[in-house]
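Every chain is named by a letter (A, B, C, D and E) in the order it is written, and numbering of its residues begins at 1.
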């Protein structure tokens, strides 16, 4: 496909003395959907946080449209068109749904378009329209997740970094959200970088996948190829789990270690 | 008699009816799952049981005790422990300390004894430690024992929260979305744990979960909620096959 | 990095994790007991003062650092301890009973006051306690009959079974008294931390909802924290009364409350060390600045209030560069040495951090 | 042997407020004292000894004050104390000074307790607040036929002394003590209190308030149209700035104090000289407390001279007790003796007229 | 008539508390930090205006000095955030509390150094003249204070409620990280609010100095204003005004009708009472967390 929109070179990030990202390099092409898989604590969220400037990398480069953006203040990075929908909702709890959505459009000034987008979000998630004056902190977990995604959409991003968008959503909504993401990608050409525990649906949506383990990328390839890999099958898709682990509760070793 | 019996529970927030004339009961020794669309009132039902909210109407009986006569902190004394959907751990404490707080309801020593750290306090402490170590072994938390919660990844926190609830040796365990945010592999673990909690520890489990794989894998009975009211109840297979449930919750391409 | 091999649960419960720590603190204690032979009267007086403040710091730390309840009214409890002790002794109660009792009385008063204010959080609690601090002044004036009002009181000489102790004429005896109280309070504090109540304190501090779900009674736990905190503070107040030699309604002012809070934050919230480090800064730094000034610009008044201004400036710089307090810095230095020579230069660089609202409980 | 004195130096100390709520008193006073000591030192000292004046700031807090005493007594080993500020601080200090016989001269507190037993090492410059109010009320009662006496005070040792004096003086003179109000140091509105006092028909109101508050009270009373009342300040509010408030707000305010105001006599020789010297050194206009500081230091210098070459504390006390001179700066007669440890016995009643304090009477 | 007089003076008095309380609330609303030096900000504002206006200093006309003071204090607030508070970004709020307390020490010291410790009076046109309306007297300064306070509260309230920046400030106080995700320049926004609160403090200072004398310790008044803000429910602008007015009005009435010794306790006793019955103030913004 086209030229890389986002390119990460040899990134390292620390929490104090703890090294959470240990030299990650990856590429996201324009219009592509890239998914990052990985076990707990692999550093997926840290990777996204480093891209969006919430954390400063120790080493390495984040190139957006070829220009380095690492270490910039997070709001500058948003201005480039990078939107991060964080893990764990992070809504503004004491503001109403409407106000939360307005803040999504903070960087924009095209009033009419903003209202159109607001209607679009309400269209996607009718419950939000119904509760538009409810304080976001009192929404149910899933409703907050919808709000977080909707708020991200209000920013009209070039690239969306989505950290577990399906967290706490009902199966029906998970399907709907992924359908929305696909539509955004095909219709509005929004590039996406997706971190998901629900690997099946993520690989289904994505063009390219990366697998992270303890701060490193241990595997990458097209989504189809990954889907075929045995490791992926057993650890992320939970395929033959039933048969293999069955009553024995024995774990297969990952081959990439 | 059922272990937990809820009859005609109703709770409104302003105009929103979060729980609407809901009745269900959980039998001793079973795993009972609640599913339902987002905002159906599942967490609210948990909060009612935990006495965080005062119901508008309804009766709540746990092992013959009227829950409405208890304060929120006394619920734990009855033997009900819970986890939270959004994870509520003690951030500035280690995993070990978090689990030890789970033992709070078994505390026997007085303030004065603790100030002087009498031998009795020491013995009690060792007992608590033993109980907690069992939980740590059970949940494979050894590598994190002395880590601060603030630095743990989401998945581990979920497990620690489960551990904290287990450490209190409850009769009824309320799990609010135990598997959300866990990978397939970890969800598998969760499934075995829930199984063992029920079978080996003899703890009754009431859980809210969106992962239908897990729900059908471990639960004996499932309750489907919508708009705070009962939509369907039955075995996992029955509920999953219920057209109303598919329509409101599972969606056409259900996994 | 020191590695502990733990062989039993008791290992974690011990006062000192290993022999090395035991030795360090043992040496420290020996030094503390030998101090009167090493220091002159002036410095011994200052050390005594620092210890008295450290006790008060321990008291407040228990409430603010451990339980997360900020109080800006602890001077009021210093006052209660001080007055209770003196009044008891005036009534003929021997010191050895009056002094512990003074702390217990303060604790009870604290508990009483805690009942209504316990529903408050954060800033609201702070302001309610400020009100206490302000009211204490007036109440002392209004209860002139017992308190001596504006003319104040003079604590009598301490006698313990005929053994006399006085701050100014026998500074080393008074120092030993303060030292013993310090050690006792520190032990109480440590013991609480390693027992269920201490964990309940931390639970209340970090998440009231889940503490409740685990069976912790929030109000009762906070009440205990308040009472214990006030008890320790009361002891410190009684000692402060002896140290000053006289006190009245103006002695335990709001400024003292503020200084106390400042002290534990500077020292490092949530640690015993912090109370001591903070006491050194708050109680000795102004004095050190004054001495420094004498040496640099000569005694006399070059610039009025210079010490206070410089003191404020040092605090500002300190908080700017080490918001975790001295204890935080101390931990970093220790880690650096433990890792030597493998510590990275920027290992302790602050990663960006973000706050969330505290208006949700 | 006395501490704090060598052949070449004698050390005086002061525990003062240079940064707290009484900095307006402590700062100029210590400045004034320093000015006098510098003059003395420049002239070769007293009996060849340079005078060193160590001032410890306490921000008006007792614990800090005690640290100040610890430093002065145990580290600087002062010979004597001068101009220490604050009643409670001074009283606390006595316990340390008395056993060592260290003199305490001219404390910046006119409380009665400044001459408590044992008196031998204590010297005060002027009359107490108690006597000031007594004299002031007596004067006003005589001049204006005042009947109803009232007071406004801060419930502190200072305020209470003024209130007590007002009560007892009223009783002594057979007048009524009609009403009183109490205040916090941070209070800024006095309409309520003044309405109360007005309703009680007060003729004289003794003020035991902060300087800033005193100004506001008088201004507010005027605003409320309450003019048939006399407000009486003590030495604590006897300042040039009080008289000079723009708009004539304080016009007609009385004060009873132990000295004569400085600004009113700015043309006279001694005050003019002092005012010039003070401004030259500190870049700020000299006020009443600066003058007090200077005058107290002057007393010390004279006492040191009188004490002779062999300086001990006993000798210094003897020297103090031998002093009797007219102080041109304060315009008062100062005399000490073995029985009398108070310098100036006069109480001067003044009133604000045309932005200046004008002396009315001396008692 | 007497009651009316007490009420009117109480209002004017309360507006001063309200003005300082507004400064507290502004900062809290946008950063959740508490500026313990707000009273000292006011004191500095008062001295700056005095330094610009009074004859012995710069002797500028009052109507030039006043806006100049406001601008100087706004810049001062912004720079303070830029060079000092930004170091504490994301750190526990107690650190900010301690920092501002320490800042109070320094500000009082500096003020004493520049302007001395004796009380001074601002040569303000507002200080002159009283209004007599049927037996009730109101100073020009009081009138100005009442009018300005109400206007300021109204505008600030509108600012937070209506403007994008105001909303962004609230967002930044609730979740700094999420605010960044929305592209809100959180640090700059916080700088602006410190500037704004500096300007508010300057307004309070000018009016306060027009009403009476000032000295470096005038800022201690901040404590009572702080109490007022809490009564109102820290975080609510109208609440700050309401709290200020309540404290302001209770004072003259207590002084008039209560015995000496008790009257000065009234505002604090009231504060405790309010907190006991409404633990988070009259216009509370504290919620129980939904789990």
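Here, a contact is a pair of C-beta atoms (placed from the backbone, for glycine too) under 8 Å apart; a residue touches a chain by one contact, two chains touch by 3 or more.
Protein identities per chain, from UniProt: A, B = ABC transporter ATP-binding protein; C, E = Branched-chain amino acid ABC transporter permease.
Predicted, not measured: the structure shown is a model, and the values here were computed from it.
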Where each step is a move between two chains that touch, what is the least number of such steps from subunit A to subunit C? 1
On the document's contact criterion, could you list the chains that touch subunit B and likewise touch subunit C? A, E
For the pairs A-B and A-E, output the one whose chains share more C-beta pairs in contact. A-B
Using CA atom averages as chain centres, what separation in Å is found between subunit A and subunit E? 44
Between subunit C and subunit D, what is the separation of their C-alpha centroids in Å? 37
Let me have the rounded angstrom distance from the C-alpha centre of subunit B over to the C-alpha centre of subunit E, please. 48
Per-residue multi-chain contacts in subunit E, two or more chains: 105, 108-109, 112, 117, 174-175, 177, 180, 223, 261, 264, 285, 287, 289, 291
Sites on subunit D at which at least two other chains make contact: 19-20, 23, 27, 155, 184
Can you list every residue of subunit A that touches 2 or more other chains, as numbers and ranges? 15, 54, 93-94, 137-139
Determine which chains touch and list them pairwise. A-B, A-C, A-E, B-C, B-E, C-D, C-E, D-E
Complex interface listing, subunit E residues touching subunit C: 28, 32, 34, 84, 87-95, 97-99, 101-106, 108-110, 112-113, 117, 173-177, 180, 223, 226-227, 230, 234-235, 261-262, 264-265, 268-269, 271-272, 275-276, 279-281, 285-289, 291
Sites on subunit E touched by subunit A in the complex: 164, 167-168, 170-171, 174-175, 177-187, 285, 287, 289-290
Subunit C residues touching subunit D in their complex are 40-42, 45-46, 49, 134, 137-138, 141, 149-152, 154, 168-169, 240, 243-251, 253, 255-256, 283, 286-287, 290-291, 294, 299-301, 304-305, 307-309
Subunit B residues touching subunit E - in the complex, by the definition given at the top: 43, 47, 52, 84-86, 88
Residue set of subunit B touching subunit A in the complex reads 13, 16, 35-40, 43-44, 85-86, 151-156, 177, 180-188, 192, 210, 212-213, 248-255
